[in-house]
Amino acid sequence: MIKKKIFNDPVYGFIEIPNQLCFELIEHPVFQRLRRIRQVGVAHYVYPGAQHTRFQHSLGALYLMQEAISVLRGKGQEITEEEATGSMVAILLHDIGHGPFSHSLEGVLIPSISHEEMSLLFMKKLNRLFGGALDPAIEIFTNRYPKKFLHALISGQLDMDRMDFLRRDSFFTGVVEGAINSDRIIKMLAVDQDDLVVEAKGIYSIERFLTARRLMYWQVYLHKTVVAAETILVKIVQRAKQLVALGDHSLFASPALSYFMNLDVVENEEEMLNHFALLDDDDIMVSVKTWADHKDPVLSRLCSNFYSRRLGRLMIRENPFSQEMCNSLINRVSDEYHLSPEDAAYFVYTGKLFNNAYNISSEGIRIQIRPGETQDILQVSDIENLAGLTKLVEKHYLCAPKEFLER
Amino acid sequence: MIKKKIFNDPVYGFIEIPNQLCFELIEHPVFQRLRRIRQVGVAHYVYPGAQHTRFQHSLGALYLMQEAISVLRGKGQEITEEEATGSMVAILLHDIGHGPFSHSLEGVLIPSISHEEMSLLFMKKLNRLFGGALDPAIEIFTNRYPKKFLHALISGQLDMDRMDFLRRDSFFTGVVEGAINSDRIIKMLAVDQDDLVVEAKGIYSIERFLTARRLMYWQVYLHKTVVAAETILVKIVQRAKQLVALGDHSLFASPALSYFMNLDVVENEEEMLNHFALLDDDDIMVSVKTWADHKDPVLSRLCSNFYSRRLGRLMIRENPFSQEMCNSLINRVSDEYHLSPEDAAYFVYTGKLFNNAYNISSEGIRIQIRPGETQDILQVSDIENLAGLTKLVEKHYLCAPKEFLER
Amino acid sequence: MIKKKIFNDPVYGFIEIPNQLCFELIEHPVFQRLRRIRQVGVAHYVYPGAQHTRFQHSLGALYLMQEAISVLRGKGQEITEEEATGSMVAILLHDIGHGPFSHSLEGVLIPSISHEEMSLLFMKKLNRLFGGALDPAIEIFTNRYPKKFLHALISGQLDMDRMDFLRRDSFFTGVVEGAINSDRIIKMLAVDQDDLVVEAKGIYSIERFLTARRLMYWQVYLHKTVVAAETILVKIVQRAKQLVALGDHSLFASPALSYFMNLDVVENEEEMLNHFALLDDDDIMVSVKTWADHKDPVLSRLCSNFYSRRLGRLMIRENPFSQEMCNSLINRVSDEYHLSPEDAAYFVYTGKLFNNAYNISSEGIRIQIRPGETQDILQVSDIENLAGLTKLVEKHYLCAPKEFLER
Amino acid sequence: MIKKKIFNDPVYGFIEIPNQLCFELIEHPVFQRLRRIRQVGVAHYVYPGAQHTRFQHSLGALYLMQEAISVLRGKGQEITEEEATGSMVAILLHDIGHGPFSHSLEGVLIPSISHEEMSLLFMKKLNRLFGGALDPAIEIFTNRYPKKFLHALISGQLDMDRMDFLRRDSFFTGVVEGAINSDRIIKMLAVDQDDLVVEAKGIYSIERFLTARRLMYWQVYLHKTVVAAETILVKIVQRAKQLVALGDHSLFASPALSYFMNLDVVENEEEMLNHFALLDDDDIMVSVKTWADHKDPVLSRLCSNFYSRRLGRLMIRENPFSQEMCNSLINRVSDEYHLSPEDAAYFVYTGKLFNNAYNISSEGIRIQIRPGETQDILQVSDIENLAGLTKLVEKHYLCAPKEFLER
């Protein structure tokens, strides 16, 4: 009798691990690390349920990939066993390069490497360990595999990544309006001339998917308080690194974090990767807690604010904030907190919000009118400006301590 | 100890009947009749789960009304006990005038009375029975009560009626994309200068509500096969009434239906109401089943088609179908079925679909920017053409037997 | 591209029709009739949501059968395509012999044929129509197929029938405590020496299944008010048949019901079957409504009580009620209603309740300790008297009009 | 307009904070700490979704308390505003004394103080801060308040604590069989002679509750792998404390944890409390990760096993394991790992499992037959040995590395 490992999952019920390779990859410490990386960074400060991890998301995406492969095969599309396994491994590992708090600290701890690049580094490392078994996965992941639709299942407008994260993040935040019907969308997928497309009768589900995605951006990923919490965390790491750069060698850091406090340029990739494999949310949290008592007034104030959830207030506008307004606020903070203007700028800052930071993509969603004939959803939908749901929205924010910004 | 009647409801869990008046109204045979009126007519032909009734919907709307009153009171809005009871009775009875298959046969069985007018007739009748206890309810229902926001809870862009039917119809059809978060929308309601408005932070839920509503129209209420089934039912009743008008006095009709087969103009309203109070889906179903063996070839073919679910095919277009196309189809049907062109027209016909047949309304949804300042959602939303979701869409359909319309 | 018919189902999401044979059987009018047979008879009088039909249940059981087959194959059990189709057809049609209001009127309308026998008659009839394609299904259904575990999936302690009806009835009644995790139970199924067994780690799910089943009996199937409504329906049919037997040839009956009002012994099975194929809940409802005005005081009172939901009160005891108590009540009713004692007995009667009327079975549930070694769940569970959950409970009831039974 | 803070909760939808006192308590850093204490310790090693925290649980219990108070008041039971607030504060803070990984490390880090005692210490501390506003809460929490049923809502067979944790843990683990219908149970609560009782018609829900609770014990709280993970964590802390006691002053510990590594007897309660207020799961996780490289072979092996999820195997029996069996295993481990037998005993050990470790209680559940008359559920239920569900089950386990215990 064949036994397969099954995970309980509150979202899909059960997730079966399809084969031995996936099983062994999941068991590997590098993958287990994802158990300690929260999927939506600090969003749990606003949505207490959002403690779910990249580990769960990766398993969930693996589940959906199995569904998608089964649906496409059921419609007559050939997918070999090797291709199926390759796609499953690729989606399983697509986020393995995420660091502490996922996107929140991306580009801050390790300046010049995106999480996708890091994922690829880990895949290659694991591939050596597994004797080349990940070759197809890597080809699909990097879009060098001939059947392009397989890559589209990993990374594209309707990939299994966002299919899972939208549904999962909606589930754990309790923002039920963001729920998408991944079952139905996947049932509607088809392959047409090597493109991943959606059958015409699935169009309403896609419209719903686009609305849900937009809603999740504004209600969760770009929620004022979430952004306030994320940016304070960025400021904390920047300040701590600055102190170290200025010579504060006694600054506490958990051993796994230590290495990155001194890292400016990655010179030894292998070494960096080994350290990165040990790093997770816990290192940040413990260090921040400890720094709340640090003698540097900027670092300690930032950290104790973060810990006791005294977050800044965020103003959002269509247009940039004027330099005068910022300076004036910085000066007031500088006076009040007895800090230099440079240091006060750790508490008053501006930035941009994009509603598709996670999904930058120029491709559209193709609707299959009939086999062989597809159109972009923007042309087919009778919502006149469905485009309104898909375009890049850019807004400007200014963040400052609450007492300085009357509502 | 005070005991209140509680209904189990698959959608909300439990529905408590708030007071004795509501309880007695529910017990009344006129209300019990709603147990035998399907909420979404013949939609169960496409969505087998959609067997739910106006009885369940009316209880559901009563539940939401209790929630809404509690939320508005919690925000400081005064609502007296009498006003609360009035609103609850009004929503409980708002659909009591629906006849067999709800909207599907509206205007066909009883030519000149809408279901809202019929509801009012029943309310007045019950009011006499209950010694005037329904006075406030009737004032609110007919929008003659000073606090206008109470009427808006019964009938308006965000009334408890559509709040319940969208969620309930989504639930029972299994079209989960149509689910709305009624809890959250109601939590966001407020009253501003006697208008029912939505707090600014609820704007995404409203956008979602509008998308969901639109989706339910096209996926359920105006689904091709649902419309095909509805229109065949209309044709059946029209043909049967025509036969009676032409002198076929032996035509079977269940006793409750009999009266309406001969009814052209309502002369005695009281008498009509008494008969109407006995009429439900079952009368139609049994009569249609019996007519499948009638000697009139049009009636029997329509009925046996309906019963064995051999429904016509619906073509949908932006523009009207040409008279030539119709005539040509009618002629082919006439030849094939050995019918006169007039009779063949029972099988080939055109019509219009409106995406807001259920919700005709010129008012907008007001968003409360801050107390005292509200704006229409179309101005506030950053979906450029949210209007696309709210405008009236009109489409044209042509229906004919499948064998005459190649796909 | 292969297209398969998909049904939306509120319980499982989507139900795919696996092959052409199943599709054509579903399209057949005999199967379509199940759309008009409520799954749980008159339980909607207590649980308004319980309007679901045998049609939905049969599709649901078909869905679970597909899951079960896939799970067993995944564990290495051979099931040929023919066997799979046979099992699917057998479960699809297992309830096709149900008449109006399912169990409520079983044995009343047609005295001597159970619904299982009727199902077999229909299967044989359809088999002739489909040129023998149902042979494997019939062998499996009647337990004459060599692989016995296939029959156990249709009819046994853990068959797909009760797996679906418990979950579905729980869903539509809103009695969420009765929900079972059919997914998990099916995942735990295995075949051991041709027995359908449950893997050891599934034991808690089975205990939960047994508790849920027991709860559904007492909360739904044997709920006092449900039984009161069911028995009044039985009395109505019995009285109407009695009146006809006594010569009342003018008694209204819908055409489809007419035949059965005069039926005592089935002499022409084919003829009976043809009439039965036209009969559904609607015939009963329309006739009962009409009879509420009949001149016979017993029939009219029973029917108007049923229609306006003035149901009798049910007392339940461990021991039988005394003849004296019954007689005394009958006499009081006889006086009050001006009826002979024989006629008064239509309003006062006793009977028995069994908690497993639906599931009589002597077999146990086998738990697989390890391949080749199974034990009865009663020996394995550490709930000492799990037997308490599985044994036959028999209770006695007395039903009488409320005004004669003080609480 | 009155605005209340609302939390999104995936389990109940929305949780409203009822008053200013509760709001300020939630904002306090001591309460915020619960965001970093996992509700079910290391159960996420088996159920990846189980990352939920004591913070969510405490809010959930607060929600249920509001429901219960509203239900009891609705049945005529007087509960003053002060009593309501007292009960709400008491349930909000009932778990505030939990340390890292909740029960898993209880009694290990701080030898002689239970989490309930610690909660009381924190309540008293907060009471001083809030000028005595917590007096009623403390009286209710410690069962010194005259109305005893209020305490029963905090701590008793049917308290809001277990009502929430069973439902929540079921939700996040995905063990749906463990779900209880808290809504219905709460709707069935009543007060009879100052006892918290359940109305007779709620008996099936209670039976279901008891089955669910038992199932959650064996499927989650006492799941073999969960216990294996918990006990290894205990061994890690014990070993680390031993090393410190033996003089290893260089052993890394996060600053917050440091204090407790040296703590044997609590001499300065205030000081201990201040340190405890800083301690959470993160401190343990970071320290364990760091210790995986420690030079002590016992500590490093334990820690790296825990981190890479190489957990011991657990055997479970009705009777104790023999000393010989243990010694023999210890000797084999001692040989294989080159450790003294004393050190090898960190990898081979025995213990007991109790199915109601969380719920030790001698009281029964009272069912209200009619006002003034209650009975224990064991006498009322017709499950003969419902007792089987409620009695204390004690089992023995032996844990050893997998390679030494063939399955």
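Read from first to last, the chains carry the letters A, B, C and D; within each, the first residue is number 1.
The working rule: a residue touches a chain if its C-beta (ideal position, glycine included) is under 8 Å from a C-beta of that chain, and two chains touch if they have at least 3 such contacts.
Note that the coordinates shown come from a computational prediction; the quantities given were computed from them, not determined experimentally.
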Next item on the list: Could you label the chain A-chain D interface same or different, taking same to mean over half of its residue numbers are used by both chains?
Entry: same
Notebook entry, point to check: From the centre of chain C, which chain's CA centre is farthest?
Noted result: A
Note to self: What's the distance between the Cα centroids of chain A and chain D, rounded to whole Å?
What the structure shows: 32
Next item on the list: Could you put a whole-Å number on the gap between the CA centroids of chain A and chain C?
Entry: 50
Note to self: Distance between chain C and chain D based on Cα centroids, please, to the nearest Å.
What the structure shows: 43
Next item on the list: List, in ascending order, every residue of chain C touching at least 2 other chains.
Entry: 13, 176, 184
Note to self: Quick check: in the complex, which residue numbers of chain B touch chain A?
What the structure shows: 176-177, 179-181, 184, 204-205, 207-208, 211-212, 214-215, 218-219, 382-389, 393
Check: Which residues, counting only chain D, touch chain A once they are in their complex?
Finding: 7-11, 13, 27, 29, 32, 35-36, 44, 47-49, 51-53, 55-56, 59, 171-176, 252, 254-256, 278, 280-283, 285-286, 289-290, 307-309
Checklist line | chain A-touching residues of chain C, taken from the complex the two chains share | finding: 1-4, 6, 13-14, 74-76, 183-184, 187, 190, 371
